[in-house]
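Quick heads-up: structures coming right below.
Presented sequentially are two complexes of chain A, the first with chain B as partner and the second with chain C.
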Partner chain A sequence: MTMENVALEVKDLKTFFHTEDGVVKAVDGVSFNVNKGETVAIVGESGCGKSVTSFSILRLIKAPGKIEEGSIIFENKDLTKIKESQMRDVRGNDISMIFQEPLTSLNPVFKVGDQIAETILLHQDVDKKEAKKKSIELLKKVGIGRAEQIFNSYPHSLSGGMRQRVMIAMALSCNPKILIADEPTTALDVSIQAQILTLMLDLKKEFGTSIILITHDLGVVAEMADKVIVMYAGQVVEESDVFTLFKNPKHPYTKGLLESTPKVHELEDELKSIPGSVPSASNWPKGCRFYSRCSMRLNHCNDNAPELLGDENHIVRCWLQNEEVVKQSEYAK
Partner chain B sequence: MQINKIEVSELVEDSLPEYKKNSVNRMLKLLIKSKTGLIGLVIVLIVTIIGIFAEQLAPFDPNAINPMLINKPPAWLEGGEFAHFLGTDNLGRDLLSRIIIGTKVSLIVGVCSIAIAGFIGMIIGLVSGFYGGFIDNFFMRLVDSFLAIPNILFMLVVLGVFGPGLLTLILVIGATQWVTYARLVRGEVLSIKERDFVKASRTLGTKDRTIVFKHILPNVISSFIVVSTLSIATAILLEASLSYLGLGIQPPMISWGGILEGGRNFLATAWWISTFPGIAITITVLGIIFLGDWLRDVLDPRLTK
Partner chain C sequence: MAKYLRKRLLEIIPVLLFITFIVFFLVFWVGDPVALMLPEDAKQEDIENLRSALKLDEPMLVQFGYFVSNVVQGDFGKSFRYGEDALPIVLERLPSTLTLAFTSMIIAVLIAIPAGIISAIRRNSATDVFVTGFSILGKAMPSFWLGIMLILIFGVIFKILPVSGNGTWAHLVLPSITLGTAVSAEMTRLVRSNMLAILQQDYIRTAISKGVKPLSLILKHGFKNALVPVITIMFLQISTLVSGALVTEVVFAYPGLGQLLVQAVSGRDMAIIQAAIFVVAIMVILLNLLADLLYKVFDPRIKYN
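Coming up: the complex of A and B.
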């Protein structure tokens, strides 16, 4: 893998929130690459730092939050260092984002068409007429029939699926190189979910956009992703291509996640779940952050924080990958 | 490239109402449905027309003193004349003409002072709510200190120092009323700026200024207008109170509060001098409040049935 192929490189990102109760380390040393035209899924339960990571990439972390360390390299620029005005040019133009709630992501008092046109006017040197024409084209492209009419309607008269399409049209209006999709289908019903995912895949093929897909739905991951990053407690705990991850998950947390997905062909009385909950982000444990919930924990794990181990295709943050440690230490109760 | 296959399932939800055409219909429907709104609108329209054409409508010169006609009662009482329908005051001036002319001043004071207050309050509220932090703290403490000053006292002092008059009256009412707007707008901005569409437009690279004026302001405006209408009523009442205390509109300029004050000494013998301007104030304020209620319904698209 050459560097030219990399669209975005996140290196040792640390985003902390300085609250009255102490420093909340929401993202604590996350690194990953997104290749051109690739879909990277970031998976994890609520509060693991998925969304904070994506907002950090766009540098939209508001006080008391702050990017403390690390770099985000995009087209040879470090997004954590460039000026705010330069960053505004990146947002929407090079990197854009769609949200979980299409119902609230559109301004209720403006026509949807005008909202798309606004983005085009902001980043491209075109006049209003041209922007309108482009907006209508975009609406057609995201599969909205009667685009001219929809251009003139207000968000409240559109369904959830249509609104998400409008959001996608907005996000894609300037042919961004990277699209961050923060749980894009969670708020939609299942049939619309499939349509939106298909749409995103089609658009990815057409524009060559890289997608960072943030989700907790492993079904969506299997469908969409090339590469999967599993996050737990502000860190990457496992990263590999999608096939390897589903076939051979190595981290106990990933295994737990996969087991807690309902399967149609297996009759089980009860759905498996991971016991316990995520430790507090203002006070991470000294050792492995998954220790308290892990079913395979070693004595060693309580005091020693694991590093990412493995080859470039599959890395895992777990002591079980270190044979010496496994030999020397016993399973903890 | 064509993704038409998806469209089929969405044909059902494609049956959209044409919003523009609907909005006029909706306003009329809501107006007919809401009796009070209709009454309010009619009252406000009539009062406005009277205010605009006051000179033409007044049957007599409102300042013409006539010693022959002192304290004439209204037409329907013994001794009343039909020509002076609402009677005359202690200097023999026609009360109806005076009330008609007074409409103008009351409306000007109401609308202008609230325009000033609204403008200041809107700007401060937007800035304060959007930027937060020190700016917010500064303005909100300023608002608090304004709220701590008794309004009437403040106005009396200012009017006493700078001298009463139409302009000072408007400015002083504006200066006490802006706090309401600043707080209202700030509160709205605080909630709107956290909404997803503001976040979404940030992710698209929109500038702060554009976000404030294009995305936040239009969402604040409806509650702003509703409160404005109610405040116009308050301003009219304030003008009346101040004129009643002798620090508002000065003769020969006529205002409702001024007429009221003029009749104070004759309440026992000529009650109508103070009563009719009082009724005019009541009706106008009531009309404006009704209109405000209706506007609130009209401006909230979620209330569509």
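Coming up: the complex of A and C.
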């Protein structure tokens, strides 16, 4: 894989929140690449740092949060270092974002069409009339009939699915190279979810946009992703292509996640879950962060933080991947 | 919309009736109206004659009926002091009070909106603390005291502004600042708290993620959402301004409704008091209705039904 193929490179990203109760290390050394035209899914439980990671890319982190370390390389620029004015040129233009709540993500006092046209006017050298024309075309492209009419509607008069289509139209209005979708279907009805996902896939094919998909829904991952990054407690714990991950998950947490997805064809009464909860982000354990919930933990894991191990196609942050450690240490109670 | 307007206009009727009721009984609460009209050494016979001439010897409800039918015709009786119909005297004073209220409101808005927005953006900064302190001070200063201080500074020491009367724009400056200060203090706090809440909203994050510039982010995407509460308080404060005018107009010898009302109260000129209260009440009712109708312009989510 050559560097030319890489659309975005996140290296050792650390985003911390300086709260009154101490430093919350929400993202603690996350690295990954997004290739051109690739869909990368970031999965994990709430609070694992996946949303903070995606907000960090567009520098949407508000005080008391701060990107402490690391770099986010996009087109030879480090997004963590460039000036705010340069960052504004990237936002909505090269990298755009859609959010979880289409209801609250659109400004209630502006017509949806004007909200799309605003993005076009900000980044493209066109007049208002042209921007309106383009906005209507975009609305048609995301599958909205009566686009001229919807252009003049306010967000509150549209359904959730429609609003998310508007958000997608807005995000795609400047042909971004990367689209970040933060739980784009979580707030929608199941029947609408599939429509939105299909729409995103179609648009990705058409524009060659890379997608970073933040989700906790493994069904969505299987449907959409080329590559999967599993996050736990502010770190990447496993990364591989989607087929390998589903077929051969190596991290006990990933296995737990896959097992806790309901399966219709298996006649089991009980839905499996991972016991316990994520440790506090202001005080991560010294050893493996999954230790307290792990069903396969070794004595070694309690005091020693595991590194990412494996080859470029499949990396895992788990001591079980280190044969020597497994030989020398015993399973903990 | 037309249906809503009709409903709201109909709702005014009971309110007006209630106000008429209060205004009617005002006369009896302050003492025997007949005794007020005649000299202290008047004979009992004269008192009784005047009482029956004014139909004041009839049952209360009947008297109230007379009163309502007169009010509907715009007749509040004659002013003792001026010897003329009360309503025209009150209406004649109305424009100068409205002018004062209007300029005070403009001053209040011009101070409150920028101060509130800056205070919200720079939350907990020195600027915010300064603005907060200043608005508490503004609210706490009694208007008669502020008025006298302004007269002292600008009228007596620097001699750059007239301290009483009306007629030119210069005459409006000091009374408007006096009246506008308290309103701006309250409005600043409101703008600040609303903007703080708005800046946390998801659509602000969306706007940032689109690459919207800071000024447009705050004014267009942010402040437009704060307009409904700001307009509400603006219209509600007009009644504060009118009542505040009682004191301010007296301090600045400004010939408005407030001054007239204060004089009428001290002279027990009941017809003027009744007419003035009635006019102010109608004004407040209509302004509130106007505010309700204006919301729709600024917030498309509001529906009238």
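Convention: the second predicted complex is superposed on the first by the 333 of 333 C-alpha atoms of A that agree within 3 Å, B and C clash if a C-alpha of one lies under 4 Å from a C-alpha of the other, contacts with A are read in each partner's own complex, and residues count from 1 in each chain.
One rule holds in what follows: a residue touches a chain if its C-beta (ideal position, glycine included) is under 8 Å from a C-beta of that chain, and two chains touch if they have at least 3 such contacts.
Model, not experiment: these values are computed from the prediction.
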Chain A as common anchor, with chain B and chain C clashing or fitting: clash
Which superposed partner A:Val90 touches (first chain B, second chain C, both, neither): both
Contacts of A:Thr119 with chain B and chain C, given as first, second, both or neither: both
Partner, of chain C and chain B, that touches more residues belonging to chain A: B
Touching partner for A:Gln149 - first (chain B), second (chain C), both, neither: first
First (chain B), second (chain C), both or neither touched by A:Leu58: both
Contacts of A:Asn107 with chain B and chain C, given as first, second, both or neither: both
First, second, both or neither for A:Met162, with chain B first and chain C second: first
Touched partner set for A:Ile82, first chain B, second chain C, both or neither: neither
Intersection of the chain A residues that touch chain B with those that touch chain C: 58, 60, 88-93, 96-97, 99, 101, 104-110, 118-119, 122-123, 154, 156, 167, 170
Residue ranges of chain C in contact with chain A within the complex: 201-203, 205-213, 221, 224-225, 298-301
Residues on chain A engaged by chain B in the complex (per definition of touch): 58, 60, 88-93, 96-97, 99, 101, 104-110, 118-119, 122-123, 141-146, 149-150, 152-154, 156-159, 161-162, 167, 170-171, 180, 191, 195, 198-199, 202, 206
Touch list for chain A against partner chain C, complex: 58, 60, 88-93, 96-97, 99, 101, 104-110, 118-119, 122-123, 154, 156, 167, 170
Of chain B, residues touching chain A in the complex: 1, 3-4, 6-7, 9-11, 13-14, 16-17, 19-20, 195-197, 199-207, 210, 214-215, 218-219, 301-302
